[in-house]
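Naming follows writing order (A, B, C, D, E and F), and every chain is counted from residue 1.
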Amino acid sequence: MNILCVAAHPDDIEILCAGTLIRYVNEGHQVTMAVFTSGNMGDAVIDPEKLGRIREEESRAAAALIGAKLIWGNVMDEHVFPDREQRRLMIDILREADPDIIFTHSPSDYHPDHRYVGQLVFDAYFQKGLPHIPDQRLPACRFGHAQVYFMDNLGGIGFQPTEYVDISAVFETKKKMLACHKSQFEAMQQLASTDLFEMIEVQARFRGMAAGCRYAEGFTRLDAFQRGLTKRVLP
Amino acid sequence: MNILCVAAHPDDIEILCAGTLIRYVNEGHQVTMAVFTSGNMGDAVIDPEKLGRIREEESRAAAALIGAKLIWGNVMDEHVFPDREQRRLMIDILREADPDIIFTHSPSDYHPDHRYVGQLVFDAYFQKGLPHIPDQRLPACRFGHAQVYFMDNLGGIGFQPTEYVDISAVFETKKKMLACHKSQFEAMQQLASTDLFEMIEVQARFRGMAAGCRYAEGFTRLDAFQRGLTKRVLP
Amino acid sequence: MNILCVAAHPDDIEILCAGTLIRYVNEGHQVTMAVFTSGNMGDAVIDPEKLGRIREEESRAAAALIGAKLIWGNVMDEHVFPDREQRRLMIDILREADPDIIFTHSPSDYHPDHRYVGQLVFDAYFQKGLPHIPDQRLPACRFGHAQVYFMDNLGGIGFQPTEYVDISAVFETKKKMLACHKSQFEAMQQLASTDLFEMIEVQARFRGMAAGCRYAEGFTRLDAFQRGLTKRVLP
Amino acid sequence: MNILCVAAHPDDIEILCAGTLIRYVNEGHQVTMAVFTSGNMGDAVIDPEKLGRIREEESRAAAALIGAKLIWGNVMDEHVFPDREQRRLMIDILREADPDIIFTHSPSDYHPDHRYVGQLVFDAYFQKGLPHIPDQRLPACRFGHAQVYFMDNLGGIGFQPTEYVDISAVFETKKKMLACHKSQFEAMQQLASTDLFEMIEVQARFRGMAAGCRYAEGFTRLDAFQRGLTKRVLP
Amino acid sequence: MNILCVAAHPDDIEILCAGTLIRYVNEGHQVTMAVFTSGNMGDAVIDPEKLGRIREEESRAAAALIGAKLIWGNVMDEHVFPDREQRRLMIDILREADPDIIFTHSPSDYHPDHRYVGQLVFDAYFQKGLPHIPDQRLPACRFGHAQVYFMDNLGGIGFQPTEYVDISAVFETKKKMLACHKSQFEAMQQLASTDLFEMIEVQARFRGMAAGCRYAEGFTRLDAFQRGLTKRVLP
Amino acid sequence: MNILCVAAHPDDIEILCAGTLIRYVNEGHQVTMAVFTSGNMGDAVIDPEKLGRIREEESRAAAALIGAKLIWGNVMDEHVFPDREQRRLMIDILREADPDIIFTHSPSDYHPDHRYVGQLVFDAYFQKGLPHIPDQRLPACRFGHAQVYFMDNLGGIGFQPTEYVDISAVFETKKKMLACHKSQFEAMQQLASTDLFEMIEVQARFRGMAAGCRYAEGFTRLDAFQRGLTKRVLP
C-alpha cells in the first residue's frame, strides 16, 4: 500500500504518527511524509529563511532514517489557510503520493496550521482523482479509495482515539526520528517549556495504557461517503 | 410561501430534496431550485465547458418538470469557497428567491462543495435583508424570517434526521426529475460505482422505515437567533 | 387527540408544560395530567402524609382550571426508581390516557425523580400496547403510535430545545395554574431561595426570545423506531 | 476465537448481526447466540407460555442452520431490568461462552429490553472473570480480554456505525436464518406494519451504500479501560 | 491582569460580557474592549460611513464609562472573514492588549461576523507571541499564556455555559454601558423586533437562575494545548 | 470547607483524587474519604471476607496518612446497584460528611461499580437535605449547596477534563497513600497486567502536560439546577 502522512510542521509527524509509519515500512509498504509548512517561525531568534532550510534538512534526515519519501510543501509557517492556492498545493501532494491510507491532523487540534491542514486534506480528497481540475502540477491519481485517519491532538485535549496502534516494538526508532529535529529542542523548551522527548513518552504511554500495551499512537477515522471504509470481519 | 433549495451540483437537489419540493409545488407554493456550481468536473472524459452546458440543460429540464424556477450559479465545480466573492453570489441568490424556507447541504456532508454551500447559506442569511451591503446585483429582500433546513448527507454518514417528510406519493416524480440528469448515470457508475436510482431508492426507504412510511427525506433544522423558528403547537 | 403529560411532582407540569397544554385544550383536544409522586417531601416542617393530601388537592384544582383530567400516581416523593413495580404503574398510566402525544421529563434534568420518570415513560412505551403483560390493572391501549416530547430542564441546564411552543396568549392562565400550588411558594423560597413565579417568567421569556415570540415553552422530541414520527411537509 | 452475540429477543440477532456471525462460522470460529428473553409477549393473540416454546424452537433452528450454539436466557419478554438477578444470569451467559468478541444491543436502541441487555453486558463484563462472585451457576472464565461491539439500532435512529462488515456474500443465508422465525412475520405486520425481510434488506443496503459494498451490518465498539482494545496497524 | 474582550460589533460586548468586565475593573485589572467591525450596516436608512462614525463614538463612550481602553478594528460590518488580512489585524489586536484573559464570541453563535471573530482569535493566538510573523504593525507580545473564554450565544441557542460570573452587583452599570449605543435601539426594534434592554435582562436573569444568583453572564473555556489552563484547587 | 470524595473501591481515591485531597488538607479543610464497597472481590485467591478486612485496614492507613476521615460503606464488591437500599446508604454517607464539595466517579467510567456510585451521588444529592426521608440513620444535613465534580476515567477513555488541579507539589504523598494498598499490587499485576504506580504516574503526567504543569488530576463539574455553581470572576 501507499501510506501518506500530511502534517503542518516538521516534527509533527514524528510526534504523532512516526511509530505507526515505521510499522508500515517494516511490513513492506511505501511511506510518504508530507510536511506542509517549512516551520520557519519556530524560533524566537533564528532568521526564518535560515530556519526553513535547517528544518528541511532535519525532516529529510528523519524520513531517510526509515526509508520514507519526503514531500516538502514549503508554505510559510503559521500561514496555512484553506484557500484556493493551498487547496491546489494539497491536491498535488495527494496526487504525488496516490495514497491508500492518509494520516493527517484532526480538525480540533490546538494550532490553526494543524486544523487547516486537516481541513485541506478533507477538501482535496475528491479533486485528487478528477482529471479536469485546472492549474494542477500533476495529473489525477486514483479516484476516491483512500481511507483518512486523524492523528491525536497534542496533550490529547479534545480527542478521543477510536483506533490504537501498538508501537512498543518501534518506539526507539520513533525517538531517533524525533532526534533529527535538533533545532526544536531548545526552542520548544524556551518558548513553551516543553521537553519533546518527554512529551512523546507520556502521550504514547497514556494511549498505550488505554489500549493495553506499552506504547501506542491513537487515531480516529474520517467517515464520509465514498471514502472506501473498511468492511472486514472484526476486530 | 417561497421555497428555496440551494445545492452544490446539478442532481444534488433531485437526490436529497426533490420529493419535498414536489409536495410544496402540489400545495401551491413557489419553488426555486438554485444550483451553485455547473457540475462541469463531473466526468472523466467530457470537456468541462461542454459538460457545464449539458448539465445546465439537464437541471432546467428537471426544474421545468415540476414548474420550479431555476437559478444557475455557474461557479466552477469543485471550487466552492466561503470567501468574499462567493458570499456575494449567495446573497444575491437568497435575494432573488426571497425565501420563507431554505433547504441546503449539511456542513457535515462528504463533499467540500456541499459543506461550503451550506456554510455560505448560513453566512449570507443576514446580509440578504440589509440594504447597504455593497457590490450586490440585487436589492435587499425581507430581513431574517426564513427557516433553514439541512438536507440529509449522502449515505446518511454523520447525519441524524430530526425531521422527516413523507414523499411516498411523489417518489415517482422524484425519479423522473433525477432521470433528467442523463450525463451522470454512466459517469457515476464508472467513477464511483454508484447507481443513482438505487441510491435514492435505498436512502428514501431507510429514512421512511425510521419515520414509519414508505419513502421519506430526512432533514435537520438550523437553529439560531432570529431565524424565525416555528412556535406551533406540536407535532 | 389525547394529550398526556407525565411529571414527577405536583407543580412540575405547571412550570414546564402548562402553556402548551392550555393550547391543546383551547383547540378541543383531551388533556390528561399525570403526577407520578405525591410531592410529600416538599416541605421541611409539614408531615409527609398531610402534605401529600394538600398537594393532591392543589393539583386537582390546577387541572380543573383548564378541564384536564388528573391521574395521581401517589408514589412516595424522592423515591422514583425505574424498577418493576413503578414500570407497572407507568404502563397503567399510559394505558389510562391512551395518548397521541406524551410530554415528560428529560433524562438529563437535575432531579432523580424527574430523570427516572422520563426513563419510565420511554421504557413503558411498548408495553402499553401489548395485551399479555401480567399484573396490570388496565387492558392494553393502542400499540405504538404516540409521539414523545421531553420538557425543558430547570434553568435550562443541559437542555437545548429543538421545538418551541408559543404560549404568549395563554401565559396568564399558566400562572393561574401555578398559583394553585400554594403549599410550595414559601417552601421553595425557604429551601431553595426560589420564587416560582419569577422562575417561570424568566424561563418562558428566555425560550420566547430564542424562538421569536414573547413567551415560549421548549421541548425536544424522543426519536426512536416505531414511535410514529411526524412526516409532514415542513415547517 | 469464541464469538458471542447476546440479544434481547428471538430474531434480533438475525436482523442485526447474523451476516457477521455467518462470516465467523465460515472462517472456522466458534459462534454462540444468546437470546436473553423468550420473546413470549410478541403476539397479540397467542398465549405467552405457548409462544415462548414456539420461539425457542425457531431460534434453535436458526442457530442450527449455521452450526452455532444457542443459549436460551428465558427471561420474560418485556421484563429486562439491570438488577441483581439478571446481572447474575448475564454473568453466567458470558462465562458459558467465554468470548473473545461480544456483540450486543446499543444502549441507545428503541426497546427497553434491548437497552438493558446492552447495559447488562457492559456491567457483567468484569464479573465473568472474578472467581469469588457468589451465587453463580458457572465458574469464572477468562478475565477481561473480550472486545465488545454494539449492533445497529433499528431504523438506524440514534446510531452512527464506525465499523462495517461486508455481508454481501452471506446475505442469502442471513435471510434463511430470519425465515426460521415464522411466528413473527404476521405478528410484526399486524402489530407494527413491518415486513421483516424488507426491513433487513433496506438496512443492510443502506449500511452497504455507506461502506461501499452491496450489503453491510454496522457496529460501534465499546471502548473502556482494560477491554483489550485492538492495536493492529490500520486499517 | 490584562483583560481583553474582542467582539464583532459595537454593543456585542455590552450585551454579552460587560458585567464581567466591570468586575475586573473593580478589582483593579486593566480592561481592553476591541470591536472588530464598525457596525456600519446596522441600520436600514443611515448611510454606512456616517453610521460607522456614530457607532465608534458610542463605543468610546461605553468604554470610557468604566475606564476601559477601546480598540477600533474598523472592518466593514458583515464582512468578517478568517482570511490572511483579517488574521493580521487580529494578531495586532492581541499584541496591543497582551492579554492574560481573552473573551470572544463562540464559534456556534448565530451571526457570521461573531463566528469568524471567534475563529480568528483562536487562529491568531500563537502568532501574537512569535517575533518573525511578517507584515505586523506591532512587535510580538508574550507567548501563549492567555486563557480564552467564549461568551454566550444570543438567545442561548446552541450554548451551554460551564462558567458563570455573578454580575448582580454591577448590572446597573452594564445597562448604562448598553445605553451608550443609542443608534441601535430603534434599529433593532424595527429590523429585528428586539428590545435590547429586555434582551440583556432576560438572558442575565436566566443564566443567574441556573447559577443561583440574580444576574449572571455565562461562558465556556477554550481548552487547547499550551493555553495555560487553570490548575487551582477547586472550585 | 468540608470536602468529600466517594469512590467505589479501596484505592480508587488514591488513584484518581488523592493529590487534590492533600491540597485541601494542606489548606486547612476537613477531608472525608468514603469507600462504598469493601473491595473484597479484588483477588483471585484470597477469601472475600478476609480480603475485605485487609482492605479496610489499608484504606484506614491511607486516610490516616493525611488526617482524613474514612467512611467505610462495606457494600459487597462488584455489587453496586442504584436501588433503594444503596440510595439510602449513599444519603447517609452524604449526611455524615455534610460536604461543600463532592468528588465521585464519572458515569462514563469503565467499571459498573464506578458508574453506579457516581449515579447514586447524583441521585442522593437532594435527599441529603430533606428531613422527612424515611429509614435514614442520620438526620438531614444542609440542603443543596455542595458542588459535585467527577474524577477522571481510568486510562482517560471517554473523559475530557474541564478542570485540572496541579498536584506536582504533593505527588509524593499521593504515592505514599497508594502504597498503603499493598494487597493490590500483585493482584492487579496478575489479573490485569497493571502496575498501579506507573498508572498514576502516566495519567498524572498526561493531565499535567495538557494543563501546563508537571502532575495534575483532571475533573469535570456536574452542572445541574440548584447545585450552587461557582459564580466567581474567572479564571
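The rule we apply is simple: contacts are C-beta pairs under 8 Å (C-beta built on N, C-alpha and C of every residue); 3 or more make two chains touch, one makes a residue touch a chain.
Labels paired with UniProt names: A, B, C, D, E, F = GlcNAc-PI de-N-acetylase.
None of these values were measured; they are calculated from a predicted model.
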State which chains count as neighbours of chain A (GlcNAc-PI de-N-acetylase) and simultaneously of chain D (GlcNAc-PI de-N-acetylase).
B, F
Chains contacting each of chain C (GlcNAc-PI de-N-acetylase) and chain D (GlcNAc-PI de-N-acetylase), listed by label
B, F
Which chain has its C-alpha centre farthest away from the C-alpha centre of chain A (GlcNAc-PI de-N-acetylase)?
C
Per the centroid of Cα atoms for each chain, what is the distance between chain C (GlcNAc-PI de-N-acetylase) and chain F (GlcNAc-PI de-N-acetylase), given in Å?
35
From the C-alpha centre of chain B (GlcNAc-PI de-N-acetylase) to that of chain F (GlcNAc-PI de-N-acetylase), how far is it in Å?
52
Compute the distance, rounded to whole Å, between the mean C-alpha positions of chain B (GlcNAc-PI de-N-acetylase) and chain D (GlcNAc-PI de-N-acetylase).
39
Residue list for chain E (GlcNAc-PI de-N-acetylase), restricted to those that touch at least two other chains:
83, 155, 157-158, 160, 210, 212, 223, 225-227
Kindly provide every pair of chains that touch.
A-B, A-D, A-E, A-F, B-C, B-D, B-E, C-D, C-E, C-F, D-F, E-F
Quick one: which bits of chain E (GlcNAc-PI de-N-acetylase) touch chain B (GlcNAc-PI de-N-acetylase) in the complex? Just the residue numbers, please.
40-41, 44, 47-48, 78-79, 81, 83, 109-112, 153-155, 157-158, 191-192, 194
Complex contact set, residues of chain D (GlcNAc-PI de-N-acetylase) against chain A (GlcNAc-PI de-N-acetylase):
20, 23-24, 27, 101, 147, 149, 160, 162-166, 210-213, 216, 219, 221, 223, 225-235
Using the touch definition from the top, list the residues of chain E (GlcNAc-PI de-N-acetylase) that touch chain A (GlcNAc-PI de-N-acetylase) in their complex.
82-84, 122-124, 126-127, 129-134, 143-144, 223-227
Chain F (GlcNAc-PI de-N-acetylase) to chain A (GlcNAc-PI de-N-acetylase) touching residues, read off their complex:
155-158, 160, 193, 199, 202-203, 205-206, 209-210, 212
